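Quick one: the structure is below, and I'll ask about it shortly.
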């Protein structure tokens, strides 16, 4: 019963929050709603017994991602009222509505499958974090490491793109200009 | 010495063209003539070495290319291909030799040498893929020749030429792949060898489909009505040398391919499609002759006349008997000589006046009598005057087809009437009457360089018209083997009947004189 | 004898080729002399062969080399000199030698002197090939060859529009007939397996009647073209654009008779199909009358003679069609002599009148051109068939044939035609040579032709006089060795004499009438307003009909085929497909409008489409499965 | 009424659709990126739910990696936005149409 | 409590990781070198990258031997999968990378090449693609894909001009959406089968007899959308021309090959099972997708005014063409795909390198993009060799024999014929004809028009020895591919066949 109530409550909350994110004209509202939605989603994880995931959700999203976005908002100066003139919203709603409708139509029929076997079963009496850790560092060790590489890539990319290195474009400068700027740099050093 | 002569023949010009890049611009003409002359001499050696009494392919060479997919570098010639090869090398030689003052002559000569490789390649290939390679590759130099040295519409013309033929050959390619697939089904191995394919007896409905697929490729190349419209543009815009080679050799690829592929591989389908194709041929003959008659540009007259003559060639091919096919193969050579010469002749005037309009001409006979004489000879040859080369081919083609259908032959025979109409009308407009155009009054007659190209053609025209035997005999022998193959392979009783067994006739023909 | 055969055949060719080398150069008398003497050589050789044949020698048959051989087909260059061909050879060589010599004078001032002789000799060569070949293919070579030379010679003065037009007309019209001939050859080949005369004639008896009829018809179509039979006759009158010696040689004596020669040659065939023969005869009679009627009112000297030629060809076909092959050949020979003479005489007249052709602008020329007058009158008398000149023997024989074979309609027609012939021939003579000297109004200064030209003509004059009288017997003996030896005798002597004398009387009357009417001719305006005059003057409007209903539609249709069909439909379809693709590209590439939102929407739309298809499939699947 | 897997899947779908709306509707790039986050989060709910109902941890693993990916995307995406912003002074995608056709 | 797990090192088959690890180590070492001493010349980094790629290649060649001897190899709890497809595609990826990296040694300086991060990211990207193809685990595929993609977005943006930012942003955003689709599709698969490994998914689905067909279709639909984006199938292709135009020609060429072969392999693993299973829907949808992609892209390419954009559309079309292999799904067609793509590598390398060679920094007046057709007008007059080479690559792309791509086309169409897809074979053939037009257009400009710029070096402004060598290599391979095809085909067929595809 509790689960049901919680589900509907949080479902409503997330839907509302995300709707706000999508529909509002205030960038700040959108960001806040997104953050709230993320937190509400973590509630589902807890509800579903995926405690570790819930924790990660809160830390990564509301902690890291939201901070980044907040920073971005300030950087781009989008805290104010955002003027968007979206074209032909009918198409947008039609397409999304169609997509949702079609999937929902399919999803309301329950899956009939006898062949689903839990390969990495949730063990009774084992904490979720522990269990996750176990699978993560055995079966999913490689993806995990690759994810690490991916984060490294993202980091390098972020640094390269947002850093000073992109300020002056060698692509757009003639060779002589490049030489000049190099010399002046060396002088400055 | 004949071991690798075909490969030498194919790749020598290309190699020479590559080396030609380093030749200095002023000497390139001499270089081109030298290379073309050597190549021509080689082809004569080939002719000399060819044993006319042997049935089947000669000078065969084989080298695995993509053995995993059954593709081999397989070349060889028989009497059918031999003379077209000689013709190709011959025309390249006189084409280069008679080249007037053109821009970027080096590019032109090297392109021609590359073109020569592809032309020879097509006619020696005995592997479908190798054939296809040269077939397609020949488009490229021709595209360049038309597009770079052509008239005002040259780009449109060259692209149209390229894409149209390219489209057709791609459909043909699908047909070839089907053929290989069926061969694979039948034998378990892949092969693109034409000679292997000959051994395959296909059910009639498959034959029909494959025939159609191949037909697109060939018909556009020939070009057959209604796929002919690229030709007037290509000819109209191409420089003289381009038109000459196009008419003399490239068009023959299509008709040659009919003899090489369609007939022996799909005898039943050939019989099935005989009447429709004959009807198309007749349309080509009459309709294009009429269109030629209406032209205002003498080059277009010759261009459309090509289509008209190709109609006779196709008709002869689908006579499906030795007389008709030999005739059509002979006519391929004949038409090559004659239309090549005609295009050259048009070029002679064009070089002087930079126009090809009939309305600009008139009364040239009195200004340029030698030119008029040679032109007249070629016009008459084109109109099928006996004792010229064309007549032999036309006569045999029509004669052969008469066996298949009386009424269609009578219709097709109007070729000799309508052909005379447009040719004579154009000749009259150009050469007869008084000189009305002041610009024509002081034209030079043909010069030595042009005579160098034209006189051999005249000689060949008359020589092979009077004494076609050296060419006709090898052709006839090879055609005989093809026809007997067709007869053996034919499944349907109708096809058996329509395709006579030439071997049987040989026995009775012993006592013919 | 083979040597003589080759000499007779190839010496004209040699002359032609040598002359051709000088073709584009200014006049060199040498070419004329050379070709004439080589023709003389040919004449001598032919005579030797004639003597050989006359002295009972066997036919000379040589096979020079293979021409075409493929599959079953075997065509050699083979030549046969037998009684028929030797007759033709004689006719050809005699007339052409005369014409060559004559032409040296006639073409004296012409720029194309060398070219002329080259073509003229080439023509002789072709004609010799035509008559000497031992197979139909060789015949066809000659057949086309004479056509070619005829084209070149009609259009000899190519700067004249009318000349080159007439040349093309002649060529194309002949080509129409040649197609028939070609089909005939195909029929022969596929039914006999050979184109050799002997093989074919052997096989004739074995073949189906219907096939023989077909062969006969198609071969005759070929003959109709060369011999300008109705409806392919219009080219002959127009062919008079050529130099007059050409008309004499080609369009009177030799080429136009090739059709008759063909029918005579193929006599074993036509023997088997008398119905076709009867048709040929009827057509011949019709043409005889038809052509004569057009000659009545014409005001062009050469055309009048051309129509008379046509008319005489009709006579020959009557004979040939009725199976009297030797008679046809005999008339052919006789006609060749007197008609060539007539033409050459006309040539003299033209020469002296600065190429004037209208006899109404002449008159009274007999004073200044005595010899010409005499020779032309002789020729006309021969043409009219007055005893004892050549025409009487050959032409009246044809009348007898028609009578004896009981074709009285044909006989009547021919008889009337004979009167017409006499009338128009002497109308011409009267207009040219008699009466007042009208030419003075036009400022002409007539003069007699060169003496050597007259001398050159004299053999013809002689032959026109004596050939019937002297040769008839020996000729008959000779040719009937190969042709059916049917003697045509009217059995009742009374009827015979009535016929002969009656005919002579009628002809004489016609001549007298012609003289009376045209001796002092004025152009009769009233007469010229009459319908019948107009019809005849305009050649029954047949050329107009051809122009209006064949040439013009062909031209227009060609234009439509090019502009409308080829460019607007066939080519436009091809370009249409290409431009359809291109236009589609132009219209739709705007979906790439650079806007990210649009791109994202496309992606979502694609996904939605996939899902929708999935659902649709599922529904369909469950319907089918359930 | 028991909450079944279907409930979660439908919820996931709805959130996904909302994300799609955002993706298609937003012209401000930053806010468009918000929408892409929604997409991934919507999927994560589904994964967690399936994982729960099957008693299998793979789903959670997937969700875990999706979170990592989302985080990385944010970093790169923001980096891109920053350079773009520096160069053009705005982050509206309607100004980003120099290439088309 | 959890029990301790004992895993023997051998069973992990660590060696399966070696190629990717080499790439990653290479990237890390480049970063480290830069940390130690900055400002080194780009040639150093190029060479380091090449060295590591060479090692990578060595490892792959080792795999080839191993695979020939022992067949498919699994590692790391069956996450890593080294089968013929993996090895083949990694070979293509690594070799292509080795060919494209030297293109950064252009004579003009461009922004990205002056930063070692570029090379590091490049190597990371390669490892990402390698991971993507060397597994059938949807998670690892996803992570590998994202690693590669994120690096790629950055590489594009590093060209540092507004068009490249625009391109990167567009690519990124659409990539994010595609990632969403991918995740959703995976989720549905997971929901259906409780597994995220392709072979297990396939087994489970087959065991069910596709009873949840609707779910399968949803999953496949989303997956198709995700891979459609990567493979640029219409209508998920819209990023392609913009991204190609925005990035440097060298990178654009790279993008036309490597990401696609990676995606092809995954698509092959994922879809072929389903196509074989007899779900007609998939066949129909794929059929339509292939045909529309080929044709529409061709039609749009017709109207392009910029050569690079034209090549972008052409590469879409080629992708559609190759996608047909997955639809046909026979060993022959799969081998055909690899053959096609191997040959495509060299031709496209040549074509894009030619564009790269004549890339000038400042546009001429009236020029709106880097490589408009007009720029090439009359090239044969000023630089005949360059014109001939460019024409050669165009002809190869058009499928004129005997140049490289013809053999690929031949084999692909042949496989369509053998696979019973006659109409498809015809459509493929006819599309080559349509494509002929726009390739020809460039040839027309080069050979048949009057030059606009008389300055001789204008067209080779960016050339350097290494670029020329690369072009020469591409040309040689393109011309003499006929010799190459047989061994290549035998090798590929053996690899593909033994992997069970």
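Going in written order, the chains are labelled A, B, C, D and E, and every chain counts its residues from 1.
Assume contacts are C-beta pairs under 8 Å (C-beta built on N, C-alpha and C of every residue); 3 or more make two chains touch, one makes a residue touch a chain.
Since we're looking at a predicted model, the values are computed, not measured.
Common neighbours of chain A and chain B under the contact definition above: C, E.
Touch-path distance (fewest steps) from chain A to chain D is 1.
By the count of C-beta pairs in contact, the leading chain pair is A-D.
Using CA-based centroids throughout, the chain positioned farthest away from chain C is A.
Every chain gets a centre from its CA atoms, and the centre nearest the mean of all protein CA atoms is that of B.
Chain A and chain C have CA centres that are 99 Å apart. Distance from the chain D centre to the chain E centre is 26 Å, each centre being the mean of its Cα atoms.
The mean-CA centres of chain B and chain C are about 35 angstrom from one another, to the nearest whole unit.
Averaging Cα coordinates per chain places chain A and chain E 27 Å apart.
Residues of chain B in contact with at least two other chains: 163. Annotation for chain E: residues 139, 143, 146, 150, 153-154, 157, 160, 169-170, 173, 177, 191, 194-195, 214, 217-218, 241-242, 303-304, 437 touch two or more other chains.
Annotation for chain C: residues 578, 589, 592, 594, 596-597, 600-601, 604-605, 607, 611, 614-615, 618 touch two or more other chains. Applying the touch definition to all chain combinations yields A-C, A-D, A-E, B-C, B-E, C-D, C-E, D-E.
By the touch rule above, chain C contacts chain D in their complex via residues 589-590, 592-597, 600-601, 604.
Contact residues of chain D toward chain A in the complex are 1-11, 13-22, 24-28, 30-31, 33-35, 37-38, 41, 44-45, 48-49, 51-52, 54-58, 60-61, 63-65, 67-76, 78-83, 85-86, 91-92, 94.
Contact residues on chain D toward chain C in their complex (touch as defined above): 20, 23-27, 93-94, 96-101.
Contact residues of chain B toward chain E in the complex are 64-69, 104, 107, 129, 132-133, 136-137, 139-140, 143-144, 147-148, 154-155, 158-159, 162-163, 166-167, 170-171, 173-174, 177-178, 180-181, 184.
On the side of chain A, the complex with chain E involves touching residues 102-103, 106, 109, 111-119, 123, 125-126, 130-131, 134, 138-143, 146-147, 149-150, 152-154, 156-157, 159-161, 165-166, 169-175, 178.
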